Amino acid sequence: MTESSASYVPTLLQDAVNWAQKYSLFTYPFATACCAMEFMSTMGPRYDIARFGAEFPRFSPRQADLLIVIGTITERQAPVLRRVYDQMPDPKWVMAFGVCASTGGFYQNYTVTPGADQVIPVDVYVPGCPPRPEQVLDGLMTLQRRIQEHRGNCQQDIGNTAAIGYTDRRKLPVLQDGTSMTLLPDERLPQDGRVR
Amino acid sequence: MSAPTTLPSARPVAHTIAETYDHRGRQAGEMPLSPSMQQFADEAERLPTDELILNMGPSHPAMHGTVRCVLRVDGETIKDADVQIGYLHRGFEKESEAATYTQIFPYVDRLNYVSPMLNNVGFAMAVEKLLGITAQIPERAEYIRVIVGELARVADHLTCLSAAISELGGLTVFFWGNRAREHVWELLEDVSGARMTHSYCRIGGVAWDLTRDFDEKCRGKIAKIRGLVVDIRKLVERNRIFLDRMEGVGCISAHDAISYGFTGPCLRACGVAYDVRKDHPYSVYDHFDFDVPIADGGDNLARYLVRIEEMEQSLRIVEQALVQIPPGAVIVDDPLIALPAKREVYNSIEGMIAHFKHIMDGLVVPAGEAYSFTEGGNGELGFYIVADGTGRPYKNRCRPPCFYITAALRQMILGANLADVVPIFGSINMIGGECDR
Amino acid sequence: MAQRVLEFLQRERPLALAETGSHVGDEIAVVHREHLVEVLTLLRDHEQMRMNMLSDLTVVDYLGQTPRFEVVYQLYSIPHKHRLRVKVLVDETPGECWVPTATGLWYAANWAEREAWDLYGVRFEGHPDLRRILMYEEFVGHPLRKDYPQNGRQPLIRRPDAPPTDDQTTRLMPDSHDRRVS
Amino acid sequence: MTSSDPPVPSRPRSATIILPPAPPPPPTAARAAASSTVKPPENRDAPAPVAPNLAATPVPGEPTVTLTIDGETIEVRKGTNVLEAAKLLGRDICHFCYHPGLTIAANCRQCLVEVEKNPKLQPSCQQIVGEGMVVHTESPAVLEARRAMLEFTLKNHPIDCPICDKAGECTLQRHYMDHNHHLTRVDVAKIRKPKHKDIGREIVLDAERCILCSRCVRFCEEIPGTGELAMTFRGDHEILDIAEGHPLDNAYSINVVDICPVGALTSKDFRFAIRAWELKATPTTCQGCATGCAVELHHKHENAYRVMPRHDPAVNGHWMCDEGRYTYKELDADARIRHARVDGQQVPLDHAIAAVAKRLQGRNKKVAAVFSGTSTNESNRALDDLATMLGAERFVLGRPPGKTDELLRDADKNANMRGAIAAAGAAKHEGELGLELAGRAYDAVIFLDGTFELSEVVRSALGAITSVCLSDRVTALAQACAIVLPATSWGESLGTTINRQGRLRVLQPAWRPEGDRRDRADLIREIALALGERDLGSGRDRARAIAEEFDHDGLRQLTTTPAATRPTLLRFSHSRG
């Protein structure tokens, strides 16, 4: 197989994989505050998020690949969010739902984390306090576009996953004690370098 | 239904003694076991089991993302619990001290974000009490406040019920309740321009008048909501699973409820007919004919029934208000309190200065302190404001109903099954923004 | 009606009252700290009072005045439908910054006192477990005190490449009140 | 006199040394500095600019007058006016043209009051109090007159509040909300006038906003005596203007911005910089020269935006010089030293302190302690204690002298030279130090401040020995020294200085120091502790001691209750005068 095809085939594969991923997003709604009400509406019968293949909320991070941060993240909540994020298997995407999750909104004080991106990398920011369901759906479509273009944060971390099987398993987070919340992606490798 | 003034005797208090209590709400030893069951039970007692510390939340879907329960369970039975809140503490008071009185309305919206209009009204009334203009609020403004407030109460109870029941597996109820709530939100969006966080009230009245077609639109929506509520009741109230999980679960006696500071539906579910709208009629609530539903037993089912009935009463109030509402102004005619018209602001220096000083310095509230309380979605919503004579409050304390109800959660889940935490927690309708502020 | 409450207190416990007053229709009674529990018990149990609900408990921080803190109890009687606001003045010196607990009188006092301790640093002597309730254990200081900066964040974790913020925590002086853990 | 001065550059002459490369000052200047620093400035009695209007507070031994204002009888000084008398009763009669530091024009007619047995309403600023006079300041006629005057004043006022620098601290806004708050009744077009006219080095004029109170005109005639401003034309076309070719560029010109009740006169330095209601004000003392004017430092968080005068009848009256207003640029956040440096490496503060102690220890080490005329008494006295511990030689340095005049500006540009010399006792001067350093006379030298302009020879000599510098910002000296300890600037420290009259002036902290910055006295205390010496006590303790020594009540309160040092919001502040 020539060099060009060796890089060409995986790229095609990657596109196909991305296409499949963007239409089968399993969401983990990390709902903390007011925005959860609008999220209920977004999931509800009128604005039906199911039309975009993201209707299935998984309340276990190990089964989800889209983390929707819904509502204010306080300093007390931040480690929890980080841990939930670390427990999600790659590839994973994050949507900041509302201004509180994006920047802290108009809560600029001693207890509110100024944006979820202080703790985890965020792919899509949906403004609004709370955002209308239409905005959320727009944000979801934007995310799907990014997934297809292979521009998600974790996708850029991992690189062309199709080139070596489906997922570079070494990139999977170490699911262990609470210290995993502070681990950086390169520290997540097992000590002996063994690929599980 | 007439509001009894003396406390009715509650169902025998069983929940405090975790050992002799089983989650069906019957006293232990009430039902004799069959010999084979007895033998099985004896063997089970001899089995070497040990207790387990289980961490429920804060990111547990049934914990609404903001409450963490550290449970010590023996098998399925909860032996001990530590309820931890504060995961949504957003510094409401600190923010209020830096904001003008008008700027606080958006923060107030996000306290009980399921019924923001009620918080709006409560806070506005507190400031008006300090200003001493409670009697000068235009009649029409009071009626508008009642209408939007009661609609918000309906939305509040709908959200609580649909969420609680969907956590029990009844996803249909979630969708139907959601549809009914969308009807309410459509009305409130027509009035205020926002679906959820309205900031519609102002000090001295409301921001602007109702829409022209509000009357018939509201009547139509009320009919729709009634129909959906009937559907929900048909769906769940004869449902065996639902009843088993609601009836006799999470009991609390009237005495304990009062001592815990319960108010609103959770207190009325214990048989205590305390409703601020009846006992201390504020605004124009004395113009309406409505009942204060109470239920006996203080368990999940009682709370469910009270909420269902309250929605009906709220809709009754709205219907009467739509008939009685007079024409007129919707905010007090006082240039020191109400903003000038935009036409004046853009075209005359006088209006510009007035608007500028209102926005930048805030309307000046005389020094003093006041505690004003209204009937919020979850009970007595109080605001304790200390003013220092400037345009910003020196202290703005919100008396959150949820906070005191959640404080009793530990007692209510003690001895219950692990699975019962979900319906109990769902039925007290803990709202994070209000509980943690 | 509430005027009756003040008259009752002045009749029953004249020595316990520092002052009584009324503002915009609210009745206020300032009580000496040593008589607080006695007065609260009387208000809860006496036939004419029956203040069986502790509606709210909070603290007001009058920075720069002495005594600095004001612990405010909002009492309500469901049978008699009357209210009373009981206040206790507390000094800010660490040794003196305490109030006897009311957990023995109302269950509601448990969490309310924990919150008051958490946000204002007023200790409630005799409280079963006086832990922080809204802030986390690692938090230093009491945020709702007037001398705590509004942006005084004390983050638990941050991403290494997190966007810059305007925290003022790094500027809390070691000898200032903000860092004081009483 | 002052009008013949060349323009003052927009930053003070020797106050800030901007980041490197800093040009070495000419040795002549250094020697001049030396000559100015060795001998204390003679204690000449420099009184504040005299205010023509009497304060109403009765002074024992002076004749008084008893009158009745709104039913309250009060005894005031003879010769004062009704407006001042009403102030004593807490009645703030609204006015535009009256200023206690200027002569009385009574041309705004805003302060009209009703004086019994008087056919017409009288301007209370011009009405001298008389025995048995009965005044009504709240009668219907008075209120109606106020309302009508405000309506008249607002007739041609542009709708500028959103873009006006005065908005938020504007007297016109305040009086409208207090006394008129009626909507407009006129619908004719407003008169157009010059919108932004550059009338001087520091000032821009917006003639449309001007309400013709003529405060600025009187100021220029009476205080600097230059009289550049004048009113021209008539009626509603009357405008404030300057004579052709004679711009407003005296050394006190920015005061007209303070006394302007509206936003007609704005300072080029402050306009469009920040909105007034975002600022906090900290009462403190100007560090520009030995006069030590009472000022307010206006800041948001930890960025300073302007310095405004505070009324102090003993020192500066209502005024201050333009030069002093720019001293806030010394507090520039970009040039701050936030962490300690040892040999160019940034280290934690305690490491740096330990390093200082290690290098200073050992007997027969000859140490030079350089006191600073630009630092507080507390830090100078702390250094004095340290010097006695180390048996160090004492030097006193300062800034080179600058411009002076008869009014407020002093030639000695050091705010605390008297205090420094008093603390240091016998002192040598800079050139000598340079020679001795060059001759390896010392093993170590401690600079209390980093703002000295040292000659080339000294700075080259510093490289060879242990040099410690307590500096709050990056300066040439700080970069020449081996160890730099982060000290607090005058915007962050609580301390005292002694001005040219020998008066105690108080500095207040405006914001919390960032990073490791500490008060100089506290740093020296740490050094002493690290040396194993006795505890010298914190800067706050020293300030308390000085408060007792000078019997200074304000300072006593500041040092005992930390709450007293909190800045106050300008949000509700009223315009000066």
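Each chain gets a letter, A, B, C and D, in the order it is written, and its residues are counted from 1.
Basically, contacts are C-beta pairs under 8 Å (C-beta built on N, C-alpha and C of every residue); 3 or more make two chains touch, one makes a residue touch a chain.
None of these values were measured; they are calculated from a predicted model.
*Asks:* Contact counts by the stated rule: is the higher one at B-D or A-B?
*Replies:* Taking the two pairs in turn, the one with more contacts turns out to be A-B.
*Asks:* Can you identify the chain nearest the overall CA centroid, using each chain's own CA centroid?
*Replies:* Minimum centroid-to-centroid distance belongs to C.
*Asks:* Return the distance between the CA-based centres of chain B and chain D, expressed in whole Å.
*Replies:* Comparing mean C-alpha positions, chain D is 54 Å from chain B.
*Asks:* Could you please state the distance in Å, as a whole number, between where the Cα atoms of chain A are centred and where those of chain B are centred?
*Replies:* Their C-alpha centroids are separated by 33 Å.
*Asks:* Using mean C-alpha positions as chain centres, tell me how far chain C is from chain D in Å, no decimals.
*Replies:* Comparing mean C-alpha positions, chain D is 41 Å from chain C.
*Asks:* CA centre of chain A versus CA centre of chain C: separation in Å?
*Replies:* Those two chain centres are 42 Å apart.
*Asks:* Multi-chain contacts only, two chains or more: what residues does chain C have there?
*Replies:* Within chain C, residues 134-136, 143, 149-150, 166 contact more than one other chain.
*Asks:* Touching two or more other chains, which residues of chain D qualify?
*Replies:* none
*Asks:* Any chance you could list the residues of chain B touching two or more other chains?
*Replies:* Each of 86, 89, 91, 94-95 in chain B touches at least two other chains.
*Asks:* Considering the complex alone, what residue numbers of chain C touch chain A?
*Replies:* My answer: residues 134-136, 143, 148-160, 162-163, 165-166.
*Asks:* In the complex, go through chain A and note every residue touching chain C.
*Replies:* 75-76, 78-79, 82, 108-111, 113-115, 117-121, 181-182, 184
*Asks:* What part of chain B is in contact with chain C in the complex they form?
*Replies:* Where chain B meets chain C, its residues are 5-7, 84-86, 89, 91, 93-95, 98, 129-130, 132, 256, 258-261, 272, 274, 279-280, 368-371, 373, 380, 382, 384, 386, 394-395, 397, 399, 403-404, 406-408, 411, 436-437.
*Asks:* How about chain C: which of its residues touch chain B in the complex?
*Replies:* 23-26, 52-56, 58, 60-61, 72, 74, 78-79, 81, 83, 85, 106-108, 110-112, 115, 119, 132-136, 143-144, 150
*Asks:* Chain B touches which residues of chain D in the complex?
*Replies:* Against chain B, chain D makes touches at 154, 157-159, 161-162, 167-168, 172-173, 176-177, 180-184, 277, 571-572.
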